[in-house]
Structure formats: structure tokens, C-alpha cells
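Chain naming follows the written order as A, B, C and D, and within any one chain the residues start at number 1.
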């Protein structure tokens, strides 16, 4: 099943500062919900393992995360696809845009996510809400990370 | 008629074992040393399989073998086939893509089997399956039949450009054009016949065993036609010669068409059983069934009906795109063609009909015959056109129907079929009486007082059953003849075994067939056994589908009984020392005409076997006769169903509040069983109209993959049905019977939709008419219909 | 493997089972009581209904270990070894309340449970509502509803011990 | 199902210890959510802690102006309880609408509340009635308990012991079922107490059960279905799936709320004066 989500956050930092965080693997790891590990495997490419719980369902997804269409400090596309074993697979991408506003930065995103396999077949009741929540979680945490002191 | 003869509602013989838990379904059977198969299936709708690494899985605990598609070819196991050849308008044959039992190089739908794990226990097989690493390259999928032929759509099979399997047509386009040009009014509709998942309650299963000493393979499976399964698996898949393969379909828990076909899993179980030299068992679970049982329907249609100023139908045109899914299932090609377009005349005298059908591949589960197969789709088109036409012309829908009914028989339609007999006016009239159509206005006002919108919908359907004359279906492309066989074995003590090539999976053959024999031979039902479903016992048979077991299967029994009687008369003539011509057989006794000399049936049977009264030179000992019966025509059951609904305009919820069915099935052998068949058919038809529908997302993921999202009809979805019959005897078989198994599912969907559209005053209603979709329509038309 | 002991159709049974064994698997595979069927994997179809301590439950959604010490009744226990049919079984036959027979054991066990809870005088509407956990694909439910109404009445004169063979 | 170790503790303390000791342990009550998920291999707890042998976790008691229901009390017991039917008929009605009869014979209040499925019925009752979730560690007000879809205030080793429901003067629950799954597409619990009126909605929200202040305000003026005439809630944030759009669900919330109020109005007033319930 395919889902689209979007949102907007006002961040109290310059676009340059936000951009730096958006490209910091440690920040990404902290923001990807359930991320167990994020390993740099190439330029703007990571290997990630994330465990997500949706009610009774618990699935660990392993896969690649890539940053493309890099346009510092205006935005990029972060996309990933993961294999969740029996649960199926998930893939998706978020176009992230940064724009200066009121001395800070407006971060807006549009997420497209796709679920396949058993979760898509059996998880109607669970998946829509969960995907939205995961996307929200990511950007809520990111917003927090942006204003947090470095290190 | 006697207490257990033709026309009596005899209670079913088979029930004893089912109500006590003693049935023997495939999954109930176990063989010594049995292993379990688990299929690893593609989670992608369309993907290249670049590599399969099964090493770790092969050495996992309990694993006996891990097998993949390329090994099938190495072992010379052939592809599954579609057995009905359809040619396109331009004369080219249909584009049948290879369908290996395990995917080779490419997966074409979610659920396509990619590997099989054979292990000591099912849990071990599943555990091991998670250790298989498959490198997929995901390809773009196409799931919407209307988009499959579009430029730029991904091509699923090399053989089929534009994913087009065939572009077929029937009728005379020019004559139809002329009819439309002369029309006073043309009614046009666009509709979708929604994809359904058959969901027989018993999931499919297969158990295969190999005897290396005799090189014999045995397959127990959930099949509606074990002989055809054996034929295809022997002759096309090349698994084993026919005489070295035994197929047994034991008790089967419902089929509705989905168990006619030959599926990958049974082929793989046979292959694996020989490879590992141990029995291999596979039982589908429900989620797997959703992804592997052939689905039904899935048509996108534009249709038009031309009317004269007097409300006479002048012509019908339809253009349909039929989604056959990722591969061509066993009989898939015939469903949207010869089982569909040939019924577009409905019950009406329509001078011109022209129909075009494009069949396409998509990245979805294969589609094949499901209860009604083609005929529900045809009925939906015809009865929507008539209903909408009547409303547009301002005519009473029942009157418009009456005006156009075929009234003299035989009647040749413009679309092949020659209707033999019927009285459509009689079924409509009786249905209107039983449904109290006259009182509908009052009921509608009563509903309105409770804030509900009440509607009434008709469905005057016809079907072609008892398929069919072999020569006819052969000329239309069928790869098999559609006769049936029977053998009547009279034992020396006078008890009888009837071996039939038809197969029962809920229809009660053990009872109805015995009723026929009981009446004919004058022996009690308890002395008769009906044997079916085992290729080692029954010589050959074409199985059960298309409501053919009565009209064709029982006619074969009649033919064999004729031979038994003739032979028994000869024996009786010797016993009674009379001329054969003087022997009369009645009420289970052979009597010398005009005398009181007689011999009971059992005595004659004994004498046939002891052979003391005659010499073998003149008459062979024994009393056992076989027959093959090939019908001379289809049968044409027809009837009228009337549905009343109440729509809750606040929620969009539709409740079926009354149902009347009046059907003409010809002669009824067991009215109780016939009624039961009608009930079940109505439920499936109402299911299609209100509740059921397979939904794929754009990437080919099946979103209705369990009973959590695919809504099965439940008891509370129905009122008490009113089921009646009329009778015109079928002239083309010795019993005068027509077939009843599919009527309800053919008649019901359009009756429901005609009722809802009547209730809300808009034709814009899709199937399934879920509360949310009806509510949306109500929003579009601005609330409720003016009273 | 853990051992499990329970009473099934009045007989004490024991078995060693993998903890993940479902009650329905234990009944079908260990005890060879194959009258209890599996028709879905989401606890909806009701083909697997048995009674635990006198109450209808879906045996596909109970671990065998959870039934330890319980009284389990299956379709096979209603008329064991050629005993006369339970009135509900007889009513299903008399009213043609079954076709392929696959949902039937679960239907009958649910039907007896309905009578045990709601008594012998059941309206059609009540029966239809109470059957929401039992799916039949063959009959359209019409004759099942009739059978249960008739079976409920027939159970009235029945000795208490035979209400279900717990 | 994946392999796991099965535990059958006989006290809440033992059960809590097992949860504390094994990171990957799950409580098993009725099992009607967990076991199907495990069968699909979509959950793989290494340890299952079956609560059925613990005494005192089940039962229904009238305590002052509240009904206290043990966590392991089955839905059928709540549906049939004379105490509940007399004092909180809407809650009995709600329990009678969960799943199907066989499911109600196994499924438990505690299991449902702990799971907090966004389409489950009980959360609406807890929130509308202002119930209190009593665990082995503390008491949690319903307002603080539900934290979003499938999320609750429960800590990893916290076990629900019972839930206390203050008795309302009038209450009603109406559920519009998803026809396939029988879960709520929209379920609305309306409760009128002397202190306040609450309307809680389950099934519709992307983030689980929620209250509708606008409806509550309208009902304060007059507790009648008419007060909700024409009122609806915004579609934003509501579930949208193949069974119905967010707009449809938003509309249904208004319709079903009206019906729930009608149901509440029709029930005879419960003769218990009610006051903020504390320290039960």
C-alpha cells in the first residue's frame, strides 16, 4: 500500500545549520524511529537497521538509506528501502525543503511510502496510522536535534 | 414419485459424516514419513529474480530439500497451461505466456511461488524459509486492466505486447451499428464487475506420495475434477504417464470454481515427493489462499442498448476489458468470451448484439471461473441496461422486460446460443406475486417514515449450464470434450455402486444420484453407493463445474442404467423362461407381461453373477455397465429474482430486507438441495454487490488479503429468502433437468444494484456498494432522492 | 517439549507439545480429531470452534498449553461411537443446514453454545447475530438459521448431561 | 509462530518479575490480538507470560459509585453482568459488541486496554467515563493513560490489575462496524455525569481514541441528539483507508454520536448520584 504524508516545522536555526544536521549521520540515526544502527557505506549512503513496533506487530527492517538531489542548504531527498523479512518490505522517500523564515528555517517535507508483502496484505488496520506516526516522529526528533546543542 | 425417488426432498446421505466430524478432507489425511512443504512467495508484484541463495536454509534443522524454479526445467517438468484456445479477431492465437510451477527468472504477482522448502515439520519449513536470500530487482507493476494496454505500461510477458492476450469479438458489428443508428433512444453505461476471491471455506491442499517400487505417484488434492488434473499433469506438465499417476479428491470443502484448476502447488508436491522419496503435504492458509487461488470476475465494460420508440430492444453493444491476472489459469480464456458474450441476449429477443473483449495480463493473481463464470458478468450488463433504459424511457422496468421477453422456442440468439425452452413471463409474474410488488409503494413509504430509502430491483437472468456438447465446445476452442461418464455396478446381492466422473464438494451427489438409481431400480437408497473423486476407481470424468453434474452427469447414469436394465432383462428372461421382449421391469421387479411370474431385482443380479441359468456363450455373466453421455445442447435455466433494500442515508449502509427468487430449473431431483444451492448462490451474489471486492494498490499489493479486510457475507447480512420454482422441462437430456448451482450468484448482484439505484435515485453505484461508497454517491447527488 | 494434559470429550489426554502448538493443532494432529477445521488465520471463520469448559472458543487462537487442565469438547464428542446424534446435529441434517460440511462442526459447536447461553426459543434475528463469528460459504445461512432454531427446541427435552459432551 | 518459552505465573508479582527479567516477554491474556499476530510471524516474543492462573484478576464489583472490573474479566462476563447491566448498561452493550461470541469468551478487558488498538471499543468507554486504570504499581486516570495508537502510559513491567468505571447518570455506546473485521469504523461512547458530559470516539482517529469537546459543549446545553444536529468534526487526522475516507469517518462521528446520545437518553437514569471518584 502506498501512502503520502506531508508536514512543516519552524526551526530556530539558520538553513545552513539545519542543513548540517540533515547531513549528520549521528543526527539521522537519532531521528530515524527505532534505528538500531546506521553505518556509512558510501557518499551519502548508509546501511540502516530499524526495529518498529505497531501494536502487536514488531518488525526489523534492514536496508539502504540514500541522500540524493542535494541542494545545500535548500533541501534534498532522503530515501530508503528496507527488507523486513516475513513482514515484507518498506520503501519510501521524503523531499525535504528548507527556507529561511523569521530568522529561522521552515522545514517542509513530503513523504511517499510504500509497504509490500505481509504487512500490506494483513496490516490495513495498522499501517496507515503507523506510517504517519513514523514520519511525524522523525521530524519531531529532528526539530529537537536542530535546537539541541551540538555534540 | 416415491419417498426417495425423483422429486423428493430426501435428507442427505453424506451428512452423517460431516455432522459428526468424520469427513475426510485432504488435510485430514496423513501418510507415514510425511514431510511438509512451505512456499516462499514473492512480496513484489513484478520483479526480476536475480539470485536465490538457499544454502543456509538447506542446512537448517529439519529441512529435507529446498527447490526452485530452474530445477523444474532440469527435471523436465513442464509449464501449467490454459486449455481453451481463443483466437483474436485477426485470427492470431491467444498469447499464452509460460507459467512454471515455481517462478523462473521473474515473479509476476505478489504470491508467485519462488521456492519451496520441504521439511520434517511445517514450523521448520517456515523457519528455514526465512534464511533464503533472494535478490529481486523490482519492476514497475500494472494492476488496472484498463491501463494494462496503455502505451508505456510495463510489459509482463515477452509473448504479449501491450499485455494483450487476445482481442476477441462476437456478432456482426455492421448490423449492430445499423440497429443503433435506427434507435429512438440509446442507453449507455460504464461498469466494473469487481474482482472477487472465491474463498471456499476449506483452503486448498495437496498431499503427494511416491512409490519407488512401482514408480507410482498418488496425489490427494482439493479438486473439483481429479481426472482433468491427472490428464493435464501427465500430458502437459509431464510429471508421470497417466497410468502411473493417481489423483484422489476426497471430501472437498467447497469449490465454486476455484478448485477446478490445476495449480502450481500440486505439481510441486508431486515433483518434490519423487525427489525426496517421501510423502509431501501442503495446506494453504487463508492468507496464502488470497494470493494463490484463482480470483473471479474483474471486467471493465462499456455497454449500450438501443431502444425503439415502443420500448423494443433493437440492439446491444459491449466492449469489455477482462483482467486475467499474471498467468493464464486453466480455463481462464473461455470465461470472458464464450461463457460471457454468448449470454448477452439475456431473456430478450434482441436482433443485434456485438461484443468485443480484450483479455489482458496484469501483475495480479490469475483470474478464472468463479461461480457463474462469465454469466454473472453478462447478466449484470444486460439487466443494468434494461433497468437504466426503463428508467430513462419512463417505463416500468417489469413492463419493459415483458415487452422484450423471448416468447417462442427454440430461439436462436445472435450470439451462438439456441435457447431450447423457457417461460420468462411465468417466472417474472410469479416472482412479482411472491415479492408482493403491488405492496411496494406502501413499504417504501413506511421505510421513509423511519428515515430509510427503500428500493426494489429486478434481475431476469439466464444462464447456459450443463456444459456442453463436445463438438460445440471443441469448435469454440475447448481443449477437452465436455461429456460425462458413469458406471453402474450391480453386486450379486443386488446392491449398487455408481461410479461417476462428476465430483461433489457440497452439492449432495451422494444423495441425488442415489435417488435417481433408487427410483429407477426400485431399490432402497441404503443399497446404493455413489463413488467419485478417485482416478483409480472411476475410469474417466470431466468433473463438476458449470452446473453440469445433474444435466450431464446424471444423464450418463441414466444411460448406464438403461444398459443395466437391458442386460438384466436378458437374465430375467432366462430365469423366468420367457422371451426377452415379454419382460417388463417395474417397481424393482422383472415380470413376464400378462402373468404373475416375476423375479426381484436382487434375484436377477445374483443370477447374472452365478450364471447358472444361461451359458456364457449367449450372455456374458455379470451386471455392470458403463456409459459416456454427451449432451446435444447447453441447458438454459432462467428466472427472476427481486431484491428489496433499505438504504440508511445517514451512513450509506444498505440492508437487504427481502429476497424473492423464482427459478426455472426444469425437473428437480431433490427440491431441498436445489433450494440450498439457490440460497448459497444468492449469498455469494449479494456478497459481490455489497461486501466483497479484491483491492490492489498501484504497486500490486493485495490490500484485501484476509477476512479482516475482505468482507465475507455473514448470516446477519441476509433476510429469510423466499425461493420458488417454475418448470419447463429441458428437452435435451433424458431427465429434463437444467442445473441450479450458479443461478443465485448470476442473478443476485444486479438485483441488489438495481434496488439500491432505485432507492437513492442515482445510477452511480459501484460494486461492492459499501456504506462509504453509497454515502459518497448520496453526497454527490445532494442527499436524498425527492420522494 | 512441555507436557500438556487436559480432558477431551470426557477422556484424559496428555501430550508433549512445542509451546507454539495451537489447541486446534493438538486436537487434529496429536489426537487425530480432525472434525475441527481451520478455515482462516485471523480468528474469524469459526470452523475451529470447540468448547473449553463449556464455552465456545476458537481453537485456532488458543495455545494447547493454555488449555492445560481444561475440559475440551469437540464435534466428535457429541455422538461418540455411534451414539444417537445430538439434537443439534440431527437438526442440521433435517434442515439441510450444511453443504460441503467444512464449516459444519464449528457451526454446530457454536449453535449449542448459543442455546446454552440464550435458551431454546431463539428468534431468527438473534441466531443471525450470534453467528457473526461463523462463516459459511455454501448455504447462504438460510437453512443453518432454520436448523439452529429447530435444534434449540429439540435440545429442550434433553437430559442435562447431553447438552454438550464436556 | 516462532518458538517461545511459555510461563504460567500464579501471582502478579511473579508475572512482573518475568517481564522485568526477559526483555522480550509479552503478557498473554485472552490472546486474541497477540496469537493471530504471532501466527503471522509478525510478532516474535521469546517469552509468553500467561496470566490465566493468577487469582484475583477477574471479577466485577460494585464499589460505591464505581464498578471495578478485573483485568482478566472476559468480555462476555461484562456483557452479562447484572451489576454492569443495572448500573452501566452502555458498558455491557459495548462488551456485547466486541468481536463475536467465541472471541468474547476469551478476550479480556485488560488485554484490550493494554493493547489500545485504535479501533477497539473499550478505550472509548474508559475515556468517556473517566475510568481509572489500576496497575500493580499505581492508578492512572484514563485521561493520562491513552498515549496514541497502540501506546499507553504503561511501563514495560507494569500490569493492569483492574479498571474502575465511575457510574454515569446516562451513557450510550453505538458502534459502526467495519463489516469485515468487526472492529469499529467509528464507535462513540457518550457519558453524562453530574460533573460533566464526555464524548469519546474510537475507530476514527489516526492516533487512537479521542474526545470531541465541541459535541460535549453542545450536549451540556441540552442532552439530546438534537443538540448534535448538523455538527461534525474535521476530517484532518482521521483514518482513511479502503473502507472509508477520513471525510466519511468525520461524517460518521456526527451520526454515530447522535445515535449514542439517543441510546443514552432512552436508558433509564441510574439512581446513583455521582461525584468525582477517587480512592476507590
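FYI, contacts are C-beta pairs under 8 Å (C-beta built on N, C-alpha and C of every residue); 3 or more make two chains touch, one makes a residue touch a chain.
Keep in mind it's a predicted model, so treat the numbers as computed, not measured.
Comparing the chain pairs C-D and A-D, the larger number of C-beta pairs in contact belongs to C-D.
Centres computed as Cα averages put chain A at a distance of 49 Å from chain B.
Chain centres here are Cα averages; for chain C and chain D they lie 29 Å apart. In terms of their C-alpha centroids, the spacing between chain A and chain D amounts to 32 Å. For chain A, the set of residues that touch two or more other chains comprises 86, 118, 122, 124-125. The multi-chain contact residues of chain B, meaning those touching 2 or more other chains, are 123, 287, 703-704, 706-709, 712. Shown for chain C are the residues in touch with two or more other chains, namely 18, 20, 41-42, 44, 132, 134. The touch graph of these protein chains has some other shape, matching none of line, ring, star or complete. Across the complex, chain B is touched by residues 18, 20, 28, 33-42, 44-45, 47, 74-76, 78-79, 85, 89-90, 92-94, 96, 98-105, 108, 124, 127-129, 131-132, 134-145 of chain C.
Within the complex formed with chain B, the residues of chain A that make contact are 1-2, 85-86, 88-89, 114-118, 120-122, 124-125.
Within the complex formed with chain A, the chain D residues making contact are 33-34, 37, 40-44, 115-119, 148-150, 181, 183, 206-207, 239-243. For chain B in complex with chain D, the touching residues are 123, 126-127, 287, 650-652, 691, 695, 703-704, 707-712, 770-772, 775-776. Taken in their complex, chain B has these residues touching chain A: 43-45, 110, 130, 287, 290-291, 697-699, 701-706, 708-709.
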